[in-house]
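Next, two complexes with subunit A in common: one pairs it with subunit B, the other with subunit C.
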Partner chain A sequence: MRLELGYISVKDVKFGEKTELRDGIVYVNKAELLETIADERLAKLDVDIVHPGESVRICPVKDVLEPRVKVSGSGNVFPGFFDDAKTVGEGRTHVLRGMGVMTVGKIVGFQEGIVDMAGPGADYTPFSQLINLVILADKVEGLKQHEHEAALRMVGLKATRYVAEVSRNAEPDEIKVYETKPLQEQLLEYPGLPKVAYVYALQTQGLLHDSYLYAVDAKKILPTLIYPTEVMDGAVISGNCVSACDKNTTYHHLNSPVIYDLFEHHGKDLNFVGVVVSNENVTLLDKERSSNYAAKLIKSMGVDGVIISEEGFGNPDADLMMNCKKIEAEGIKTVLITDEYAGRDGASQSLADGHVAANAVVTAGNANAVITLPKLDKVIGYVDAVNTIAGGFDGALAADGSITIEIQAITGATNELGFNRMGGSVI
Partner chain B sequence: MAGIRVVHYINQFFAGIGGEEKADTKPFKKEGVVGPGSALQAAFGEEMTIVGTVICGDTYFNENLDTVIPEIIKMIAGFNPQVFIAGPAFNAGRYGVACGAVCEAVARQLKIPVITGMYEENPGADMYKKSAYIIKTGNSAAKMRQAIPAMAKLALKLGKSEAIGTPEEEGYLPKGIRINIWYEKRGSARAVDMLIKKLRGEAFQTEYPMPVFDRVTPRPALKDLSKAKIALVTSGGIVPKGNPDRIESSSASKFGTYDLTGFDDLTAATHETAHGGYDPVYANQDPDRVLPVDVMRVLEKEGVIGSLHNTYYATVGNGTSVANAKKYAHAIGLELKEAGVDGIILTST
Partner chain C sequence: MLTEELLIVTNNPRVKEMTDFRHCWVEGECREVIMQAYNFVAQGHQLISHPLAGSIKPNQNPYKSILISRLSGEVDIAALKLAENCLRKAEELMENKIPIDLNVAYGQDLQLVDQDLLLNALQSIQEGR
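Take a look at the complex of A and B:
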């Protein structure tokens, strides 16, 4: 599969009479957008635009997405949600680079995140660097939590799809080409180089802990092989923002960093042959089954090494270690990406499970680290949620408007796909 | 007096009182420097001043831990210090433990920077390296000349709230404290680099060495369940409706103790989960799914178990550090032991 990504740099996002892309500026007709995303399950919908450096706090954030549109090749971005799940990953896709679509609204569970566009909190989230189209959506009275989550997820996908359309006929500022051949060909392509795959474990534990592959709830899949370019076209999306620091937003999946960084080395010092998508379910049986299956699949692919990423913490540490030990037992080298829960003082053991085979670990940092975020001028959403969201605590919101939280409440702070430069170390 | 105020702690030997025969010396304080304090003061120059010294015999200290630490803290606090230094203790075991224990107490209660010095095999080093900066010294007082400049330099930095370098740069024993830093490359690129090295058989450095995990051996089975008092303990966050203790949805700072008297069945009207790490819908519909009070009451009525202990304990396991989890487990365990409980059913999520 060969995919061209045509990047269009977004200089600004503004409301306008017509939704269009003009001179690098994305104009959005607010009324038309609201009509497009209308959902009888949602009572109050509003849209706002925020820029990097503005004194704005956004909370509780559910998902962040990046507008992408299929220009040529089969299918649509986010396959299976709006079409008959045609295979994606080939042809040309346009990307509105530098822009995000963010869904925000009253809390569904305990688990949504915070994005600060300025101040110390902005350093911890990559989304402070984007111009964000923020969709504020509240539920109708009596809507059950699972329906509430589904409605918000669809709003994000619909809004993103709507905005992405403006880039269809634009001239990209940069085109990058990514190609992976069918497995048997790809394995033979660079005979001198080590063959490498990526085990992409997705959080799949229920409400606000779910991920979707071609619109299938990933807790129901067995580990499966996909082309890396399918991920770039939105084959994997998020329904997931629990302890928002280490949950993958849809934006993360579209820009899945291990995939892009393996491509940087592809044909030079390794041969990147494919991606195995796996899950992290709640029962021991599911964990054993998925890790057995992933290890079998990896072995059958004939690779020399894999990178395994985790999503979440606690019992997903067990999925990570099972994948590691079973794949290492096949004589295949592993590197793991995780994050840490070493306590607020950093003095505790960081993981809930471990194994001697896990001797090559990258960490995205200690999510229990505490930070005080000063009051910002504007709040989008409901900042009082910080008293109950994961990473917050009673009294987290001070009288002066500042909040003291663990960084686990900040969206994307310790992302375990390895999206950030921040990581754990020891003194 | 000018400069940052420092208090120094030493034992009877370095105070010039005597050796083992004077190790029962009770704690006392003196204005200004005593013994090795003068070398520290010389190294500080004008910027820091040792305003007082607290002295205690090593035997007295170690045999009176409960009373001596508060007494010493009171003496130290009286000097109103901004930085606290103990030792160096080199390889003197009881002195090292005393230096570490006083440092830990000062840091916790007076909330000022603390520093000591020890040989790395001193038992106090391992016990207190997380609580204090411990400058690595030689194994005897003959190495005083090397120890003092390193201690003074780090103390000055701490006193002036300057950034502290790595253990290698500053010469302190690694504390084993996890911190967040900004690497040059993002995590995914670091993972790819590490994999390439591992595949080539080159040296690489993991960012998180695997700890030794604490495995718990199950206790022998209860001999007669029909006479046993059984308690319920959960990390699944089941709390009385409204979460009266405000147990956090992640990284719990406490556990709750709740009464089960009169409850045969937990319902959505009486209980809920505070846990933020799993789908709470089903636990909130019927909290017995996580804390099985209904089934336990049936077993109690049928005589399968002697009784259900009428107090249950709950915390939230989500994102809670292993160190805190151990602390809560210990406290809960002690209470249950005192209550004469024979067995505990632990439920997670």
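Take a look at the complex of A and C:
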């Protein structure tokens, strides 16, 4: 499968009379957008635009998405949610680079997920660097939480699809090509280079904890092989709302550094042969079944090494370790990506599970680390939950309006695909 | 597994109302529920759902429901170790416990999310019976 990603750099996003792309600026007709995303389950919808550096706090962020549109090739972005479920991942897709579509809504009372566009908090979330079209949605009275989540998820997908359309006929500023051949060909393409696959574990446990593959609730799948370019076209989307720091938003899925970086190395020092999408369910039987199946698929692919990522806190550590030990038992090397809950001083055990085979682990940071965020001029959404319980902090709100929280309350702070802004360096 | 083969260790009032199931009611918070489940596993009950299901931390949600087998057999050492690790992790996080006012609206939401994780576990194992 060969996919061209045509990147169109967005200089600004503004409201305008017509939704269009002109001179690098995305103009959005607010009324038309609101009409497009209207949903009888939602009582009030509002749209705002925020820029990097503005004194704005957005909370609780449910999802962040990136506008992409299929220009040629089979299917549509976010397959299964729109039109049909044709296979995606080939042809040409246009990307509005530098902007995000952000959905905000309080599905449950304790929800967190802060994006600060300025101040010290902005350093902890990649979304502070985007021009964001922010959609605030309130539910109709009496709507159940499951329905509210579904409605808000669809608002994000519809709004993103609507905006992305402006890029269809644009001339990209940059075109990048990604190609993975059918497995039997790909395995033979670079003799001498190590063959590497990726086990992509998705959060799949229930209300606020779900992910979708081709619009299928991923808790219902057995691990399955897909082309990495399918992910770039939105085959995987987020229905996950917690925890803010280490959930994968749809933007993360579309821009997974694991996939893009493996492509950077593809043909140079490794041969990236494919992605196995797996899940993280509640029962131990499901975890055993999925890890058995993932290990079987990986073995049948005949690879030398595997990267395994997890999503979320606590029980996914078990999925991570099961995948690791079973794949290593087949004689295949693994590298794991996780984050840590190592206490505020970083001295506690990082994970809720471990195995001796997990001897190559990359951390995305300690989610218990504490930060004080100053008061910002404007709030989009609801910060009451943040001010009381977010980040596991009592009395987070100070008299001067600042809040002291653990960074787990910040959207994307310790993302386990590595799409965050923390890192280490050798001194 | 059949409904009568299951036991729900819980402190969640919403789960207690699921009268088709047998419960072990725990007076206490998340840590006490995990401790009770750990004790059952040590006695040879099968651990069915992961004690740290969900991404809401033990110091953020006091409600916890864990699914185990009603009958006991051989002790599963791997499951015991898993439950022990979960207990330790919960205890570490509880050092920074926050006093949550459960009378406010989100108390109900916390119960709902815990119950939903349990319902997903039940659906999975009952589909496969």
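Operating definition for what follows: the second predicted complex is superposed on the first by the 409 of 427 C-alpha atoms of A that agree within 3 Å, B and C clash if a C-alpha of one lies under 4 Å from a C-alpha of the other, contacts with A are read in each partner's own complex, and residues count from 1 in each chain.
Going forward, contacts are C-beta pairs under 8 Å (C-beta built on N, C-alpha and C of every residue); 3 or more make two chains touch, one makes a residue touch a chain.
All values reported here derive from a predicted model rather than from experimental measurement.
Asker: Based on the superposed arrangement around subunit A, label subunit B with subunit C as either clash or fit.
Answerer: They clash.
Asker: Once the shared chain is lined up, is A:Gln129 touching subunit B (first), subunit C (second), both, or neither of them?
Answerer: Neither partner.
Asker: Just to be sure I read the superposition right, which of the two partners does A:Gln203 touch: subunit B = first, subunit C = second, or both, or neither?
Answerer: second
Asker: Answer with first, second, both or neither: which of subunit B and subunit C does A:Gly346 touch in the superposed model?
Answerer: Once the two structures are laid over each other on A, A:Gly346 reaches subunit B alone.
Asker: Taking the superposition as given, does A:Ser9 touch the first partner, subunit B, the second, subunit C, both, or neither?
Answerer: neither
Asker: Check whether A:Lys333 is in contact with subunit B, with subunit C, with both or with neither, and answer first, second, both or neither.
Answerer: Touch partner of A:Lys333: subunit B, not subunit C.
Asker: So, does A:Gln145 touch the first partner subunit B, the second partner subunit C, both, or neither?
Answerer: A:Gln145 contacts both subunit B and subunit C.
Asker: Using the touch definition from the top, say if A:Gly314 reaches subunit B (first), subunit C (second), both or neither.
Answerer: both
Asker: Considering only touches as defined above, state whether A:Ser300 meets subunit B (first), subunit C (second), both or neither.
Answerer: neither
Asker: In this superposed model, does subunit C or subunit B come into contact with more residues of subunit A?
Answerer: It is B that touches the greater number of subunit A residues.
Asker: Touch check for A:Ser243: first (subunit B), second (subunit C), both, or neither?
Answerer: both
Asker: Name the residues of subunit A shared by its contacts with subunit B and its contacts with subunit C.
Answerer: The answer is residues 109-110, 145-146, 205-209, 242-243, 282, 313-314, 341, 343-344, 348-349, 351-354, 368, 389, 392-394, 408 of subunit A.
Asker: In the complex, go through subunit C and note every residue touching subunit A.
Answerer: That would be residues 47-57, 59-61, 67, 79, 82, 85-86, 88-89, 92-93, 95-96, 98-100, 104-106, 108-110, 112-113, 116-121, 124-125, 128 of subunit C.
Asker: Using the touch definition up top, name the residues of subunit A that touch subunit B in the complex.
Answerer: 109-111, 144-146, 194, 196, 205-209, 242-243, 257-258, 260-262, 264-265, 269-270, 282, 304-307, 313-314, 333, 335-338, 340-356, 358-369, 388-394, 406-408, 415-427
Asker: Once bound in the complex, which stretches of subunit B touch subunit A?
Answerer: Its residues touching subunit A are 130, 164, 166-167, 174-192, 194-196, 198-200, 204, 206-208, 210-211, 213, 246, 248-251, 253, 275-281, 317-324, 349.
Asker: For the complex, which residues does subunit A have touching subunit C?
Answerer: So the residues of subunit A touching subunit C come out as 108-110, 145-146, 203, 205-209, 219, 242-243, 246-247, 281-287, 312-315, 318, 341, 343-344, 348-349, 351-354, 368, 385, 389, 392-394, 408.
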